[in-house]
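Quick heads-up: structures coming right below.
You will see two complexes here that share subunit A, one where it goes with subunit B and one where it goes with subunit C.
So, the complex of A and B:
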């Protein structure tokens, strides 16, 4: 398959996860990946991976061009999926700032979103494998709680009164944070159908203020995800 | 005449190069970083100290552990807590793993293709398959160490103020891969020593690194510029940040207004004697001893630091016993804290002030790459002055190769600027 890897505004961590493919990278034809190659060609890409969020007109144009050239466009990680940590500067407290950061889907149609800050390299592998055999990759579409239960972790919210975003966060990481004895901070972004109202009720009962809960969601690296946006108007 | 090279390749992040010449005589070289500033410092203001390690980690996806550990040192400094010996030893282990990860990534997958005159490591695979397979093994080992301690290789999760949120039961699965890695790293160093490197001298710049009484510097230490020893609290008195209108990254200079270099070359210069036994032995055997002021030799020094890191990591892993303790209770109080460590690319300095609730009232982060940018421009100027034609095709390669000697990380260098950005419609 012909691949292109592109970076917009981000920390650069997700694209290097592609190197985790190791030797099997050699089976791919990488035509565009400026961070590892000096030979970069615009071509019709079977798969284009785009890391980072859109923060200026140049990036917007670049993204539109990638979309034109890509048969299958993958948003790689929390910046591309939600606008990243840089997008939280829309929150009330920081309104004085002129800074914008948008997810890719605000401008183009995205064929697949790989969640996480950073993405999980197994998910990149799964994507390439599925596409190469003409199939569609499948990733968990259930909340992180399911993974925690499978691992047999006691619930941190119930047993330790530690706030955990797992209940509103999409699974896929394997419940990493709760397994390390800390609450999930939401880097895989909100799960479809997340019940924010119930989550707020629960967190309020733990003694947090509504403003504090909103701030914790903003800090999730996915604070500007479509599902969370209604929180900004409050 | 201005010659502009858009999209420098095989550097971490986005940058251009502008070459300004008059009558074919080089006047100025501008290394202009094009990364959008993400204003990470600004967005920390008013937030709790608790989010600092997670949020500052996102300044860089190649060296997040450096940001987390430097931030933790600053937080612990502010609130007066001391991590235990066991915790410091484990922090050192995860930091050494990041050095291996970052150096391997840069040296073999970004930099080495230059020395074979190929476009990428993918092409290099056709020539040096075995060598790159070894490099993949080193990278893999480093990832497994960070995963074992922190849950995942990039942006790990267990590093918290006062210690670790959780400890692995055992590190014994790391011992065999580390033993193999040590052998591999030694072989790779020997292999690299057989290559030829261009001659070049950058003797006019100062090297600045940390000094640690007992160790090759990594987790802590006093700043040393070759003449003076400087406490981390006086960093700002000796080093200045200046804006460059053509770049979204600041440049750092000494207070005398001179460029300086941080990173592997500076550490090697000041702490050669404290390298691990195997690293020192190998270096001496191959005549790689200070002073080394040729940036083209930086791959050898990075490789030596990989040998050193693997050897030390192996020792720590062998001696690991799971600590019984739980993280120390931390009470926020009004105050300020400073953290300084040696990131893979050099000195990383964090400064925070907190109110009585532990909310951040001031933040300033100085990154290794911003400290090196002025020296990169100087090295480019010196290197390109020797070129006859100043056309893109002829200088692109030479300029990029020089830049890669310094392993710049541009998202790091760009995190802090306070500028207004064009609004998107």
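So, the complex of A and C:
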């Protein structure tokens, strides 16, 4: 398969998740990957991985060009999926912003979104494997709680009485933080059908204010995700 | 054959535990991470004697008490051992000469489940029916030993009197313990149990008064649990209320996180995940717990038959109280109350069922 890896506004960490695949990457034809090569080629890509969020017109143009060249476009990580941590400025009331951060899906159609900050290399492997055999890649589409309980963790909201975003966050990370008695930060973004209403109710029950809960969600890695945008109007 | 009854002292209990630890990997309730959990234990000191959990809807806390078996059922279930959350199922390796090898591991453990309460024992009977042809489960289950214990107290969240799954244990154990003033009553339930007990020293025949004392305690225990709803004709009542507006109302509160199904001792749904290497040389399969609260759980050929949260919640309740009575001739809610304790939203299944059947 012909691959292209592109970077917009981001820290670049997700590209390293691709490199984590190691030797098995050598079997792929990588035509464009500025992180590892200085000779890059525009071609029709079977799979184009795009990391980072769109923050200026140049990036928007680049993204449109990638979309034209890519048969299958993958948004890589929290920045590409929901604007990333740099979208945090939107939640601040004082204006004078230098730039706005947007996810890829605001401008082009995205074929697959890989969640996480950073993405898991297993998920990239699953993507490449499934596409090469012509099947649909499978990722967890359920809340993190289910993954967390599989690990044998008791619910932190009950035993430690700390707020954990796991109940509205998509699984896939293997419950890293809750396994170490830390509440989930939501780097995998909101789960499909996340029940925000019930989450607010639940967090209020724990003694947090509505303002604080909104702040926690907006300041998370996926604070500007489509599902969370309704919070900005309040 | 009438069950043989004995009386042992705390010293005798230690003696029994030593015997067990020689032949079995003992799993018992122990304090870990601020809660009482089933885990593998080495000695009697590891057991959570003298602790008790205070539980409410979405609430858990530990306290001290002066009984040996002062706590109730632990926070996790026997599922963790017999049907673990994540289990490596098989590995298929393709050699260079295109030959394929399959690896299927067998569990090395020979469990002794120490301190199983009535609710968990009843849950085990249901799991036995679900997994009656599953080799991993069967293998472990057949080699395991069960030491059951009658409860001393009921917690806020206990409701085994409603589901008729307790509090008295009548069958399915190898040995049954009941705590008395300064002794333990021991009842034998199987040959394995009898052989084991024959080796325990320091045992005596209990007096009639001591046997009556056990029954008195159990009667008192029944009174401690509140009858929040009635199980009479529950299946018909629930089935005739499928279109209540109540089911929509639950969407306001339920997070659909699946905590309830994970801690339920009879929720058995699982998924098999496959992971392949990019070089096509190796494939691994893992069996993991699934949950009917997962948004895409009921997706069949890209068509999701339970897309709404309310339909998923309704399905869970119906499975517990209706479908399982059709499949297994018994309600698969055993009244342990774990789903109430570990619901982050604090939803109490007893109140929800009551709301449905009384509207």
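The rule is short, and it goes like this: the second predicted complex is superposed on the first by the 229 of 234 C-alpha atoms of A that agree within 3 Å, B and C clash if a C-alpha of one lies under 4 Å from a C-alpha of the other, contacts with A are read in each partner's own complex, and residues count from 1 in each chain.
Note that in this section a residue touches a chain if its C-beta (ideal position, glycine included) is under 8 Å from a C-beta of that chain, and two chains touch if they have at least 3 such contacts.
Values in this document were obtained by computation on a predicted structure and should not be read as measured data.
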item	value
Overlay on subunit A: subunit C relative to subunit B, clash or fit	fit
Subunit B versus subunit C as contact partner of A:181, first or second or both or neither	both
First, second, both or neither for A:112, with subunit B first and subunit C second	neither
Which of subunit B and subunit C A:63 touches, first, second, both or neither	neither
First, second, both or neither for A:202, with subunit B first and subunit C second	second
Centroid geometry (CA): angle subunit B/subunit A/subunit C, rounded to a multiple of 10 degrees	110
Which of subunit B and subunit C A:3 touches, first, second, both or neither	neither
Touching partner for A:85 - first (subunit B), second (subunit C), both, neither	first
Partner contacting more residues of subunit A (subunit B vs subunit C)	B
Overlay on shared chain A, then closest C-alpha pair between subunit B and subunit C (Å)	11
Intersection of the subunit A residues that touch subunit B with those that touch subunit C	181
Sites on subunit B touched by subunit A in the complex	7, 9-14, 35-36, 38-40, 42-43, 46-47, 51, 54-55, 58-62, 64, 105, 109-110, 113, 119-122, 125, 133, 136, 139-140, 143, 150-152, 154-155, 157-158, 160, 165-166, 400, 409, 411, 420-424
For the subunit A and subunit B complex, residues of the former touching the latter	7, 9-14, 16-17, 19-20, 22-23, 25-26, 30, 33-40, 54-57, 59-60, 84-86, 88-89, 93-94, 97-102, 117-118, 120, 173, 176-177, 179-182, 185, 187, 215, 219, 221
Complex interface listing, subunit A residues touching subunit C	21, 24, 27, 122, 125-126, 128-129, 132, 138, 141-143, 145-146, 149-152, 154-155, 157-160, 164, 166-168, 181, 191-193, 195, 197-199, 201-202, 205
Complex contacts: residues of subunit C adjacent to subunit A	33-35, 37, 58-60, 75-76, 80, 85-86, 251-259, 262-263, 273, 275-279, 288-291, 293-297, 309, 341-342, 344-346
